[in-house]
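Please go over the structures that come below.
What follows is subunit A paired twice: with subunit B in the first complex and subunit C in the second.
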Partner chain A sequence: MGNYLLKRTLHLVPTLLGISLISFFLMQLAPGGPIDQMADLNPRVTPEVKARIQKDLGLDQPILVQYGRWLKRIVLFDFGISLKDNRPVIRKIGERLPATLLLNILSIGLALLLAIPIGFFAAIKPRSLFDRLTTVFVFVGFSVPTYAVALLAMIMFGLKLGWLPISGLSSMSWQPLPWWTKGWDIAKHLLLPTLVLGLTSLAGLSRYMRSSMLEVIHQDFIRAAEAEGLGYWRIYGVHALRNALIPMVTLFGLMLPDLIGGGVIIETIFAYPGMGRLGYEAIMTRDYNLIMAVTVISGGLTVMGNFLADLLYAYVDPRIRYR
Partner chain B sequence: MKDKHDIPSPAERGRGCRVRARWFIVVCALIPTFSRFTAGEGEYGDAYVDASIGDASLLNPVLLSDSASGDIAGLVFNGLVKYDKNIQLVGDLAESWEISKGGLVITFHLRKGIRWHDGQSFTADDVLFTYEKLRDPKVHTPYSSDFEDVASVTAPDAYTVRVTYRKRFAPGLASWGMGIVPKHIYGNGDFNTHPANRAPIGTGPYRFKEWKTDQYILLEANPDYFEGKPYIQRYVYRIIPDSSVQFLEMRNQSIDSITLTPDQYKAYDAIFEHHQRFRYPSFKYVYFGFNLKNDLFKDSRIRRALAYAIDRQSMVNGIVLGLGQSITGPFPVTSWAYNTAVEPLPYDPVKAKALLAECGWKPDSNGHLMKGGKPFSFTLMTNQGNKVRQLCSEVIQQQLKKIGIDVTVRIIEWSTFIHQYIDKKNFEAIVMGWQLGRDPDNYMMWHSSQQKEGQYNFCGYENPQVDRWLVEARETFELKERQALYHKVHAQIAGDLPYIFLYCPDELVAIHKRFRGPEVAPLGLAWNFREWWAPKGEQRYRIEMQP
Partner chain C sequence: MLRIYLERFKQNRLAMIGFAVIVVLAVLAVLAPWLCPKDPLSQNLIARLQTPSQAYWMGTDDLGRDVFSRLLLGTRTSLSVGFVAVGIELLIGVSLGLCAGFLGGKLDTIVMRLVDIMLSIPTIFLILAVLAFLGPNIYNVMVIIGLTSWPGLTRLVRGECLSIREREYIQAARTAGISTSRILFVHLLPNVIAPILVSATLGVAGAILTESALSFLGLGVQPPDPSWGNILAIGRDYLHIAWWLSLFPTLAILITVLSFNLLGEGLRDVLDPRT
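Presenting the complex of A and B:
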């Protein structure tokens, strides 16, 4: 096992290097550059001024040289400064990370919490009323665009009923408040985005769970368990469920980058200060350093997620052994 | 995404609260205005919650280039001069100024007793420092070109600044509307990355208090402001990136000010139960431009014919729901440079066809215009992500089809469009827009010397007379003379038609009804924000006053 861990860890290095190399070049292929925000069709910015700023930022160098410089910095965990507001990239990410993690852990948690029982019960009684109802519900949730659900929810709970705030992460507080009031305020702001994000990702997850469960309950060992006269809950709730969860572990590993990736649409609609908006705006403004930092971090997490899923396999499936 | 050229000049950032610092004339009929109030009767307190699509980036007037940063910097900083409500330059940090030596020297007399928000005194040293930074090659400022003709800036004493120009440059005066930054804060540190760029110290009516990235920026009234403390105690700039969500927040009364789209503006009155709508002409226009080096458009009669074939009024009615006006020339409609005597070309497809026939373009049996066996067809390009320009292109396509011209519309991603097509003059015709400054100087767009790659006369307009007038207008400080020159420029360009000027859209804004004071002027709406107030009984936010 220790040997395997070491081997896998060493594998991470070329993988990450490859990810960074490809994304660096892809990014440079996109038309335009970071100075354009300031300079495009702005008659005050003469081509000379543009060239001078570009040179000062080292953007006039050949791409390979730029990549080399970037790599040299990154080894020391220096992600550079954002070309939009001249702040360290790592600080900008640090500001967003807690908010993003909070929202995504809550919504993925909610989705898993609902998806596993829904898939489970739908599978052990296929084509029952419950199965049909949840199928319809889940597919509606899957098909309706997130922004539509979000806007409708805002109109309903924010505007008409006035129960919840419409957007943002917290209310403006004019005086110091005790922590519970602040916590309650943030909770109220989080409720709608969590529900919308959680319910829309529920669909896929619960279908996976259902089909994986269906596959398991038709296998010989379940029949054998039934023949042995084991109790209903012991067969389905323990033996079948444990086996059905194996594919979910893969999915869970793949969801790890989602934890920090964030959703651009949901964050934009709810005016939520998360990573999705940060990354999107970085791409739109060609903020190279920030794009690279976000890509490398989420690339790293994807690789880590796969790794973690492999390790979890060994735990949930005793047949798998790593050497 | 925002158009990248929506960049206000420093002087026009002057008084910018929401309303994105736009300033225009009262041409349009306003919905019942508030009863006028006289200064001194206002009540203090309350907060004003503004909403913005994007967050600010750098709260430093020398470095910023986006409108959100400009909005905030306009409230925190002052320039030496500013525009008054009628777009005339008046003193701001400078009490007065003299222009001498035939326009080569401007001497500013600074107000005494002004303090930075941290209590330090404001002096000529700060002006010198700001100027040094504007000219420092290490500083990433988009404004250095405004100061290129400056030979020297000196301070004979602590309250006098003398600027010497190499040549007469009338727009130079307005460039001193640039926000002045404090020397004692920035000192010798790195200007581009200084922490004060996120926690600015200025001289303006509002002090910076807090900035939660991509959530809100909070400002607090400056009790020591040299023109008097603003009535509204707090200014909150909320970042709400989606405009339909902004609209919901407005209906919920959680924001006090919002920029509306034309269809939002035209929504039921009941929706604006708590908000007052304002409309006024913007400093923008949309145009249909030609590549004048292209054989198809070389002949000005052809361009005139196309102008006759396009019904601009129906364009205004259809695309911005009537909330705009068709224009004839290259200046903002509300500017003193705009020549109202120029007659617009009427919509007259018959005349268009006749003119085209004169140039040899005759319809074939299918009605397609042909000349020498070739059909009249061209590609009309515009950038992606701008719905209005896309619609304009489609309307042009349809209207020209009626007279037998085949137009292909091509929509291209912004960066590619600018760098591969516009900069390289690799286009036949385009639909684009300009956001203009308060000073009417548009030498960069129309002078024949400005045609190199990356410059702004990309249509290739060349008229020696216009060249002369543009240069002369740059050297003329006297307003009447300068106005006469720009009127000539306007008339000439309207005749030459390098662009077919389509229309100027209105700015559409809603502001909460509890605020007294908003008044549309040539400069726009927010020019007197410092004097806005809400009666105690209607105030929505209770704020404990700090000493």
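Presenting the complex of A and C:
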């Protein structure tokens, strides 16, 4: 295990470096430099002043030098200041990250909670009514645009029925409330985005669980268990299920960027104060430091999530370690 | 062999339905400008936000434009983005996957590392940033979706290649002194075509969904040109008074994407009976 851990940790370095390279050079696509927009709108900024700001920010240096300097800073989590309000970028992200993690963990949890039993029952009775119904659901789930589901949910539960708030994470008059009312308020705000985000990953997850379970059921050790006369639930519910769950661990790692990505649209629609919307707003206002920070940090989080998923995978399935 | 596949495909009812719908949509897309009952671009402010009626089958939008005609023309947008984006994805994904899987060595390491990197960055940020910087239009949308969707395909093709590389007929071709490029394209490629075809079909579905989401966010196809996504974006503003503006484009997206998904899964069943 130690060897595997070391190898896997060394793999992280080039991947993280690659993410930083892409994030940095993505900004070079933008027409004009980072301060052009700022300078062009302000009549007091003469070409000389502009040149001086550029020199102060190190923008007159060769591009590789700039990248090197930036890399040196971000290793220490110094992502510079936001060009919009001059606040440190890392603090802005720090404010938004917990909300995004909360939303993602809840929706993955919800999706897993539903996907595992759905996939399980669909697989042990293939071609049954239940299997067919869930297959239809999966196909529709794959094919419907997330934001349209969000809109429909907002019309239904927010506007027509008026049960749930449709934007933000808390109400306006939030501060003076006692903690239990605060918690209830947040829960109500979280419900719709969590449901929509969770349902969008449910389709893929339950499909995956189904095929994983089908594969296990046809293996020899299950037939051996049947031959030994073990009970139905003991065979499927314990022996087969446990083995079918193993590949789900890797899928979890693969799902992370999708969730953060899908989060951009959901967070924007629900005006949810998370990283996705922060990234979207940063792009729309050309807040370069913030855009680079959001891509690097969400990429880094994904890499770490994958890393943990791999370790977990190697831990629960010893066959992986010896490959 | 082809006949067996065709027979099996015909028995897969859902896949046949998907295929039929796609053919109809393709014909509609090609003929759209001649089929539109009204001019999809002409505004008529007197007839703003009309409910669906005999004159306007799917109602009108906030500028009095005929929603049905706009949806029809939007078919063109969606299908062309889907096909072109997947074309780019195939070009990059298949060639990188073939080379990495067959040639192996350093090249393989580099390509797979690149795949890891691309799969870690939430591509939606890349896509949004590129469109915001280079300007949102249909060509940039096609290109950027294609440029960000190849990693999965590369991984798939490489995996297939690795298993085929060791087969006897490839070894035989090598021993016979056949050039690497000939082995790659004449002997290897045809044997990995099945999973590529499945992945490409599902890829079209994904690309159409992405385009509609981008247009919905205002970074895709720009008005007045119609796209299902930007019609939905207007629908969002009139959510409480004009349901038809959200419902019909959603259905259009759902039906189209569903058809490609059904066809893709059907192809998988036919071409790759193991799974």
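The rule is simple: the second predicted complex is superposed on the first by the 267 of 323 C-alpha atoms of A that agree within 3 Å, B and C clash if a C-alpha of one lies under 4 Å from a C-alpha of the other, contacts with A are read in each partner's own complex, and residues count from 1 in each chain.
Throughout what follows, a residue touches a chain if its C-beta (ideal position, glycine included) is under 8 Å from a C-beta of that chain, and two chains touch if they have at least 3 such contacts.
These numbers come from a predicted model, not from an experiment.
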{"item": "Which superposed partner A:Pro165 touches (first subunit B, second subunit C, both, neither)", "value": "first"}
{"item": "Touching partner for A:Gly279 - first (subunit B), second (subunit C), both, neither", "value": "second"}
{"item": "Partner chain(s) touched by A:Val303 [first = subunit B, second = subunit C, both, neither]", "value": "second"}
{"item": "Which superposed partner A:Arg132 touches (first subunit B, second subunit C, both, neither)", "value": "neither"}
{"item": "First (subunit B), second (subunit C), both or neither touched by A:Asp56", "value": "first"}
{"item": "Touched partner set for A:Leu151, first subunit B, second subunit C, both or neither", "value": "both"}
{"item": "A:Arg73 touches, of subunit B and subunit C: first, second, both or neither?", "value": "neither"}
{"item": "Partner chain(s) touched by A:Lys7 [first = subunit B, second = subunit C, both, neither]", "value": "neither"}
{"item": "Subunit B versus subunit C as contact partner of A:His218, first or second or both or neither", "value": "neither"}
{"item": "Residues of subunit A contacting subunit B in one complex and subunit C in the other", "value": "30-31, 151, 154-155, 159, 268-269, 284, 286"}
{"item": "Residues on subunit C engaged by subunit A in the complex (per definition of touch)", "value": "113-114, 116-117, 119-126, 128-130, 132-134, 205, 209, 212-213, 216-217, 232, 235-236, 239-240, 243, 246, 250, 253-254, 257-258, 261-262, 265, 275"}
{"item": "Subunit B-facing residues of subunit A, complex", "value": "30-32, 36-47, 49-50, 52-53, 56-57, 81, 84-87, 92, 95-96, 151, 154-155, 158-159, 162, 165-170, 172, 174-175, 268-271, 273, 277-278, 281, 284, 286"}
{"item": "Subunit A contact footprint on subunit B (complex, rising order)", "value": "1, 4-5, 7, 9, 47, 49, 54, 57-58, 63, 65-66, 137-138, 140, 142-146, 192-193, 197-198, 212-216, 218, 234, 236, 238-242, 244-245, 248-249, 251-252, 254, 413-416, 418-420, 422, 434, 442, 444-445, 452-456, 541-544"}
{"item": "Touching residues (chain side subunit A, partner subunit C) in the complex", "value": "11, 14-15, 18-19, 22-23, 26, 29-31, 139-140, 142-148, 151-152, 154-155, 159, 211, 254, 257-258, 260-262, 264-265, 268-269, 279-280, 283-284, 286, 291, 294-295, 298-299, 302-303, 306"}
